[in-house]
Amino acid sequence: MVEISALELSALLGGELLGDPDCRITRIGPLLGADATTASFLSNPRYATQLAQSAAGCVLVAPAMREAAAQRRSAIVCPDPYLAFARLTQWWAARVRRPAVPGVHATAVVDVSAAVHETASIGPLVVIGADARIGARAVIGPHCAIGEAAVIGEDTRLHARVVFGDRCIVGARGIVHSGAVIGADGFGFAPDQGRWEKIEQLGAVRIGDDVEIGANTCIDRGALDDTVLEDGVKLDNLVQIAHNVHVGAHTAMAGCVGVAGSARIGRHCTVGGGAIVLGHLELADHVHISAATVVSRSIHKPGQYSGVFPFDDNASWEKNAATLRQLHALRDRLRALEKKTP
Amino acid sequence: MVEISALELSALLGGELLGDPDCRITRIGPLLGADATTASFLSNPRYATQLAQSAAGCVLVAPAMREAAAQRRSAIVCPDPYLAFARLTQWWAARVRRPAVPGVHATAVVDVSAAVHETASIGPLVVIGADARIGARAVIGPHCAIGEAAVIGEDTRLHARVVFGDRCIVGARGIVHSGAVIGADGFGFAPDQGRWEKIEQLGAVRIGDDVEIGANTCIDRGALDDTVLEDGVKLDNLVQIAHNVHVGAHTAMAGCVGVAGSARIGRHCTVGGGAIVLGHLELADHVHISAATVVSRSIHKPGQYSGVFPFDDNASWEKNAATLRQLHALRDRLRALEKKTP
Amino acid sequence: MVEISALELSALLGGELLGDPDCRITRIGPLLGADATTASFLSNPRYATQLAQSAAGCVLVAPAMREAAAQRRSAIVCPDPYLAFARLTQWWAARVRRPAVPGVHATAVVDVSAAVHETASIGPLVVIGADARIGARAVIGPHCAIGEAAVIGEDTRLHARVVFGDRCIVGARGIVHSGAVIGADGFGFAPDQGRWEKIEQLGAVRIGDDVEIGANTCIDRGALDDTVLEDGVKLDNLVQIAHNVHVGAHTAMAGCVGVAGSARIGRHCTVGGGAIVLGHLELADHVHISAATVVSRSIHKPGQYSGVFPFDDNASWEKNAATLRQLHALRDRLRALEKKTP
């Protein structure tokens, strides 16, 4: 069991301790459902009423909540409680999770020409191809398949059954979740009298440092050049990144996003769940796409962009949708009226 | 080969037999394409003309179709032919499918601390982590990876290469299709000066009894509390369930649905294919979402909800879409006209 | 290293050689970034300015670009440079990729009743079920699971960890990318007093020749009849094909498309990324669906069809979307005005 005092917590996270320094914490959790041994946090002032209701032994709060927090058993005032809480989860996870065992599991199938660092952990039933390189302290989960000449950076973790294709590269401290497929062929065909002639995909995937890739997400290899994810990119589950896409540093995409071929997404962008970005477009840095929006042309200016049909009860939607199909005609009728009306 | 008489069928399914009790059935199939040894069903009166055209030896029909069915070689009248047919497919499947062999395949890698019931079937190349528990008659397909302290209930079947994460739980009689990833990390990060700081996901996934989960579907573990699927939930393929989502009992979601974090979906809901439910929303019981609809606010009233741009030939769509971008201005022009017109 | 002269290239691809026949090519790549040993192509006249800027040693061009190409070190004039380039990528790939080794890897688990052709290559940790048949020169990647009585055609390649279900069939020269699940259960349930009763899925999946299926794509088995993909179908990643769908020959679907049950898609269709086709619809041959369009009724006429909410900056979108919810009422107000205005 993990145990930490409020005092130790404040030292770890760097805030100002209020109340009982000996308050003993053995859990971390949300304000609601917390008990006297729970450390929790309040980052959004909207949930301030939860603070009063919560039994949490220690709460991380922003300076604005100092007064309310001072009434409690213990609290830590810090400039960004959400960030402090993120760091606390990392500290916690390192204590509750079993560390990976360095070495190659007896059932793994590792090509003799592969270079596996002695501190790396290769799980059961992993397959590693010729000339692959696995960095120091990397963890390769069960059933992963690492292609020929692929490179896995230091401290990067592949969860169970990731496919990491030939010649693809991921940097340091990456996380790839189960079922992700890095380096499948891009979808490229030349039409030939009603049939499709395959364009072999000869590029690879290059992924920077500190990148996280979600479960069952696919990142295709480039046709000729590489598909690129820069440092700090975060992709959620079931995301599709087509061939030759370039994703700028620290851009994050939520689940079910699809990015078509050769799109170029800037740095520090966010793409909401289920959004689609069409091919060969450019998105500037700091562009934010709302969930389920279809981006059909390039965006050169930072900002929030949206495009979703507002949902309604079915009967209302049907009426509006039917009328929408005559919208252009309605506009013409309006114009005609305007001309008639002095 | 499976063989059953019309009489035995009526006893099995509990309806009233019309016609030849000895009619011999060796296939089940749709009305069209049926032959004299096929059992079929008619549940939708829209397809009544297919009944006359069908050569099926025995047909399950509703009481309303009794007269037409009496003309046939054999028929079974039952209150809900679709439900009766569902039960028949189950009886049939149990006879045509090879039963799983109890025991642990020689190539499986099972931690010594895992508790595998002696009647469970563990397929080839399965990996089972420390302290995991596999219930009676459970079937674990090839290449599955079961995490530490995970629990698989009685009679639950995991098809090939399901990843079932640490501490996640599934109840009895569940079915998880190939490629599903249960318990990957939720997508949680705290922003820190343009970078993303990972919030370790310390919750798990708790799944009730009689739940079915489709191929390559992802259900993320909770951040602090658990992600929950109640009893009888049915999810199709390529569905994304984010961290801390709660899905009420007997709710069904079709393929490619995405549900964002902390959404709370009621009981007996249906969500059509490709729909997106945004985070932190609540859907009441008996809410039905049409395919591809984006649910952007909570729904407190049962009913059918929709929100899809009606498709059209491309030229018409382009005109209407372009006009839609001026819709608010059109409204203002209409108002101005209304003021001018006495 | 692969090396070819411009003269050999022209013989291989069948065009007219201009310039230096001895120009030595060791790379293929896009016009931008090319060097004197790179073969490139120009198929889209829009990129003609790139031709002048490119250092490529040899460029494949259409007859219309003959004059510009004649100024270069070497060029090949051919009727369809994109198609010629596709063929060149195939020739190239055959030289740079390590050929699969015939035979069964020592770690594969192959049922004794399976028939594996002696020229087929079965990778490490593959599982092959009873009575399965693997054709000549087929390549089965690591961690694939081939079901009972499944059939893999000649020269077909399954990349790593494809699940290919019981009794499913794929023809010759197919490619199935990693993580694809062929033959999971269709999503079929009969409602029974608020619960869902499973309809066992007794059909299979039948796939023709020259079909390519993307990473993590799912193709469900039919309920009673089979799900069918005809010859030459190309599916991108994360596509969902539900039970009993029929996809006509040479139809292509981009990433994240969902096709609901029993839809019947014609031949030579294209479906853009993220589009949804509802169940039981028919699409004629040569129908083209734009990305992210929801097809909610059958389409009987060839052509391009679209239906996407045009995205905008968030503030503009909000105004237009809010007004859209009153569109039908606006139409009525317009009508009333029209009646008043002589």
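Which chain is which? They are A, B and C, in the order written, and residues in each are numbered from 1.
FYI, a contact is a pair of C-beta atoms (placed from the backbone, for glycine too) under 8 Å apart; a residue touches a chain by one contact, two chains touch by 3 or more.
Just so you know, these numbers come straight off a predicted model, no measurement behind them.
K.L.:
I'd like the angle of the rotation relating chain B and chain C after CA superposition, in degrees, nearest 5.
P.N.:
Superposing chain B on chain C takes a rotation of 120 degrees, nearest 5.
K.L.:
Answer with same or different: of all residue numbers used at the interface between chain A and chain B, are over half used by both copies?
P.N.:
Counting which numbers both chains contribute, under half are shared, so the two copies meet through different residues.
K.L.:
I'd like the Å distance between the centres of chain A and chain B, where a centre is the mean of that chain's Cα atoms.
P.N.:
26
K.L.:
What are the residue numbers in chain C that touch two or more other chains?
P.N.:
Chain C, residues with two or more chain partners: 107, 125, 143, 161, 179, 216, 238, 256, 274, 308-310, 312, 322, 324, 326-327, 330, 334, 337, 341.
K.L.:
Would you mind writing out the residues of chain A in touch with chain B in their complex?
P.N.:
28-30, 33, 80, 82-83, 85-87, 89-90, 92-93, 96, 98, 105, 107, 123-125, 141-143, 159-161, 175, 177-179, 210, 212, 214-216, 232, 234, 236-238, 250, 252, 254-256, 268, 273-274, 291-292, 308-314, 317-318, 321-322, 324-328, 330-331, 334, 337-338, 341-342
K.L.:
Taking the complex as given, what residues does chain B use to touch chain A?
P.N.:
107, 109, 125, 127, 130, 143, 145, 148, 161, 163, 165, 179, 181, 184-185, 187-192, 194-202, 216, 218, 220, 223-225, 238, 240, 242, 256, 258, 260, 274, 276, 278, 289-290, 293-296, 303-310, 312, 316, 319-320, 322-324, 326-327, 330, 333-334, 337, 340-341
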